[in-house]
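Note that the chains take the letters A, B and C in the order they are written out, and that residue 1 is the start of every chain.
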Amino acid sequence: MTPDELQDYLGRHQTAGVLASEVAYGDLRLTLDADAYVEVAQRCRTDERLSCDFFDTLFGIDARDEGFDVVTVLYSIAHRHRVILKHRCAGGRESPVAPTLTHIWRGANWHERETWDMFGIEFEGHPGLAPRILCTENFEGWPLRKDFYLGSRAAKPWPGVKEPAETDEDGNVIEKAQLIGDAPGPTVLDELMAEQAKRVNPRQPDLAQAEAQAVDAAETDADEEAGEPGEPGEPGEPGEPGDQTAVTDPAPGTERATEQVAEQAADAPQAAQETAERVRREAAEARARKAAERAAHQGETAAPAGSEEADPDPPEATEEGEQ
Amino acid sequence: MTTTLLSVQSDIIGSSIGIGDSYWASLPVKLGFVLGLFFVVPLVVGYMEHKVMAHQQARLGPMEAGGFHGWAQLVADGVKFIQKEDIVPRAADPWVFTMAPGVALVGAILVFLVIPLAPGVWAVDLELGLFYALAVGSVSALGLLMGGWASANKFSLLGALRGAAQLIAYELPLVLAAAAVVIQAGTLSLPGIVYAQAEFQVPGTGIGIPYVVTQAVGFAIFFAASLAELNRPPFDMPIADSELVFGFLTEYTGIKFAMFLLTEYGGMVSMSALMTVLYLGGWEIWPGLGVPGCTGSGSGIDCGLVGMLIGSMITMAKIFALAFLMIWARVTYPRLREDQLQRFSWLFLVPLSLLNIAVIATAKVVL
Amino acid sequence: MSDLSTTEQVVPASAPGESMAIEVASVVDGDFATQDMTLSIGPQHPATHGVLRVVLELDGEVIRKATPVIGYMHRGFEKLAEHRDFRQIMALTNRHDWLSGFCNEMGVAMVVEKMLEMQVPDRAQWIRMLIAEWNRVLNHLMFTGSFALELGAITPMFYAFREREDIQFLLESATGGRLHFTYNQVGGLKIDLPKGFLRESRRLSELVRKRLPDYFDLVLGNEIFQARTREIAILDAEAAIDYGVTGPALQAAGVPEDSRVTEPYLKYDQVDVPVHTGELGDGFDRFYVLLKRIEASLDIIDQVHDHIPAGPVNVKLPKIVKAPEGEAYVRTENPLGQLDYYLVSDGSKTPWRLKMRTASFSNIAALSYVLEGLMVPDLVTALGSIFFVVGDIDR
């Protein structure tokens, strides 16, 4: 049955306990009352027109203050249709409880164990939730709850461009309290690295902020300038201009790339710029010299005097692959 | 009177040295022969295994050790094993644990006492040669059991129990197949069996028939049983490195492990040598044709130094050919589960070998 | 247990076979008291493809009860995904089933594209199919070698890896990686294929196809292999469906369920996807289906070669990718089975919840059912033939 037919068959008006039904992105999702959950699941299995015999998955979602949701995905091999059941666990955040489905599908066993392990949702009637299936036996806490802070960020702050999760809407870093002592080591190193990054790409922080503001200002048009270095797509790297343009610009990027490079070059520190230009000049002279030698040697005029090669190399633009 | 190594030697060297048939003087020569055989040939077979396995697996094998195609690989391995730390697990029984490789090794070395390489080139020619070889060869099973039990490791225990069951199961086909050869040859002495093959001639010609022709089934049984005795794939359940880590060998490192390995390769050589003697006609290129450098053939053979060397080389070639077959079997076959292994032995090999004996005995009497 | 049994707590000494206190059930049956031995296979063990632990209760060599213990490789991918931008989760997802990194990434790219209702260019879709199928061949070749190795046949491993090296070189030329490709991105592919890729891909497809009959003859046809796998470790269709087993294990049980056929994604509805099934669901059938899936992938690769259109391979992405509030579900056919991603978004830059339903997790859940009553060597057959990767189980 197609999702719409399923919705008609199982929807709010046909089945007791269904609080809402929605066909989103091609799948039927039923939001159930906690009490009717097992009954509806049972019906999904036993009803011949549904016959959802394949246990796909079961997992939890953190629903902020209201507690936790449990989502069960069921599939029917014979009819090739899918039903997604979702219900809010009783007991709120303190002691969430849900009924088990292991007596209907054996496959629910391990999925419920994992959901308990990750969220702390007790499944009544489950043959044995303990020992913890994924975490170590003496682990404290329920990892996938939102109030369980991701430990790695506490131990060492991310040294590169701040991740989206750590920046607010304007691109400012959300200041988090340093949870691990006042040890100077890693943080000092991070600061040094950040300074160095600033020296190499002086525009970078400004770019990020400016871009963030620009995008927020023009919220509807999502096709803002792409291809700036420092995208969150590659955090922590100063960013080679060439790669960045190639990544997101499908058009033959040569001109745009040269433009970018020129832009970049214009802003680089004076010394670096001069060095670069000097190097380029010398290389061009060397090439011209060699070409002249070759021409003299072969007794013909060297056709390309190497002038094309003297351009600052545009980054290797993407080639269209073989047709 | 049977010729011995020393009596032949004294012919060559002459009585100038005056050694004669002195027992105490001949002892070091015999010991040297046995130990030299035992410590050199298995290493060559081991190197051959590295290279043959490698080439059958589309790779090269040892290439570095020693420079030319890694010929010194096994030597380097030996040095490595000797300089390793000797670890005895805390819960293990230290005496039994340490003695086990020794027991296995002694059993393997003692078989070499009766192996004949050429006329006169043997340590001792027992009249019970074959009986002795098979009996002493199965002492290694004891070493296996001791090692597995004393290791205080469940995997080793499982491996040892499997090994013991397997070795018991495959002794019978081995012995029965050999018995058929003895019936046809009429003697238990190993050189005697070679002479018998040379004298078992096609009527009218001087060409002998090796027993592999008349007892092809027996040869196959003996070959399979010897693979099982040596714990070689496809019968390597006691080691079974994908289930039991390394079976009874799990806790062994260093020189003790090297001793177990030497037992295995030494067993390969001795089993191949026994097969050469029993089925392939021993030191003669073809039974009845004699050996270049020797006058006569069969039991009337009389060899000089050159003849002895050539005869030894012929035997060695046959031994290496059989070892190649063993290595080939290792590379090709997965391993049997041990209940399938037991079934294969008790329900298939043993009745077949009994049938083999019956047929040979009848033929011997009738023909 | 009968009333004659007593249980006692035994804490073993430093015995290397186990690491925790066990309860030993001793049955006093007349005059003969026996004890079941508890043996822990793993977590470090040559047969377990990684850190999987199976606790066995043995009666001699017969397994009375088997309990898989997982979690030794749990890295918290789902938690990490909640702290990453929608594009950054790509690098996370190609690491849980590391033998099929591209297919995993593809799934996550698809679920984000579904939520953003993004149109992926055709060329990208076809190339995704091509590389996904090559990845499938890579994965299956690995298991071909390792299954035979665990049974004791040491040679097929080398030949399987010879093929794999060629394919990895091909994929490295396009993606830069041999194992973790990170070639997908939201909206298509990171970069177009290099020149000569398709020519090389055609050549390689012929080469692998030419060598495939060897596996059928020398491994499947080997008597000892058949003795070790026929009617061993049977996972019947009904139990498989109940546990949620997918992939070769399910197809071997006789159920022709394949996401590429039942719910085609990308352009799988425009190619012919052969699906082969076994009959019994024993080790032999699973291996047979594995080899047939390699053949099927090569068939698909050959078809895809003729279909790849010209065009862009990716879509210009905005600087900040935000998915609208909602929940989306995508199901793909990973080489090991069915891989689903369920993405819950609350309208921000990072996912609120990304659930990865991996094939190996459900496949191994069925292990305790399969192993009851088998002997220890059959454990190896079962583990080797129910194809799994530990990173996929634990994420």
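Everything below uses one rule, namely that a residue touches a chain if its C-beta (ideal position, glycine included) is under 8 Å from a C-beta of that chain, and two chains touch if they have at least 3 such contacts.
Because the structure is a prediction, the values reported are computed rather than measured.
Participant: Think of each chain as a node with edges to the chains it touches; is that a line, ring, star, complete or other?
Facilitator: Topology of touching chains reads as a line.
Participant: For the pairs B-C and A-C, output the one whose chains share more C-beta pairs in contact.
Facilitator: A-C
Participant: Which chain has its C-alpha centroid farthest away from the centroid of subunit A?
Facilitator: The most remote chain is B.
Participant: Report, in whole Å, the distance between the mean C-alpha point of subunit A and the mean C-alpha point of subunit B.
Facilitator: Centre-to-centre distance between subunit A and subunit B: 64 Å.
Participant: Rounded to the nearest whole Å, what is the centre-to-centre distance of subunit B and subunit C, using the mean of the C-alpha atoms as each centre?
Facilitator: 45
Participant: Averaged over CA atoms, how far is the centre of subunit A from the centre of subunit C? Could you give it in whole Å?
Facilitator: Roughly 23 Å separates the two chain centres.
Participant: Quick one: which bits of subunit C touch subunit A in the complex? Just the residue numbers, please.
Facilitator: Touching subunit A: residues 70-71, 74, 76, 78-80, 82-85, 87-88, 114-115, 185, 190-199, 239, 241-244, 255, 257, 262-263, 308, 310, 312-320, 326-329, 338, 340, 342, 344, 349-350, 352-353, 355, 357, 361-362, 365-366, 369, 394 of subunit C.
Participant: What residues of subunit A sit close enough to touch subunit C in their complex?
Facilitator: Residues in contact with subunit C: 24-27, 29, 53-57, 59, 61-62, 71, 73, 77, 80, 82, 84, 105-107, 109-110, 114, 118, 132-136, 143-144, 148, 150, 153, 163-165, 211-212, 215, 222-226, 228, 231-233, 235, 246-250, 318-323.
Participant: Along subunit C, where are the residues that touch subunit B in the complex?
Facilitator: 13-18, 37, 39, 41, 45-47, 61, 148-155, 158-159, 162, 218, 222, 224-225, 227-228, 375-380
Participant: Once bound in the complex, which stretches of subunit B touch subunit C?
Facilitator: Against subunit C, the touching part of subunit B is residues 53, 56-59, 89-91, 152-155, 158, 233-234, 236-237, 240-243, 245, 251, 330-340.
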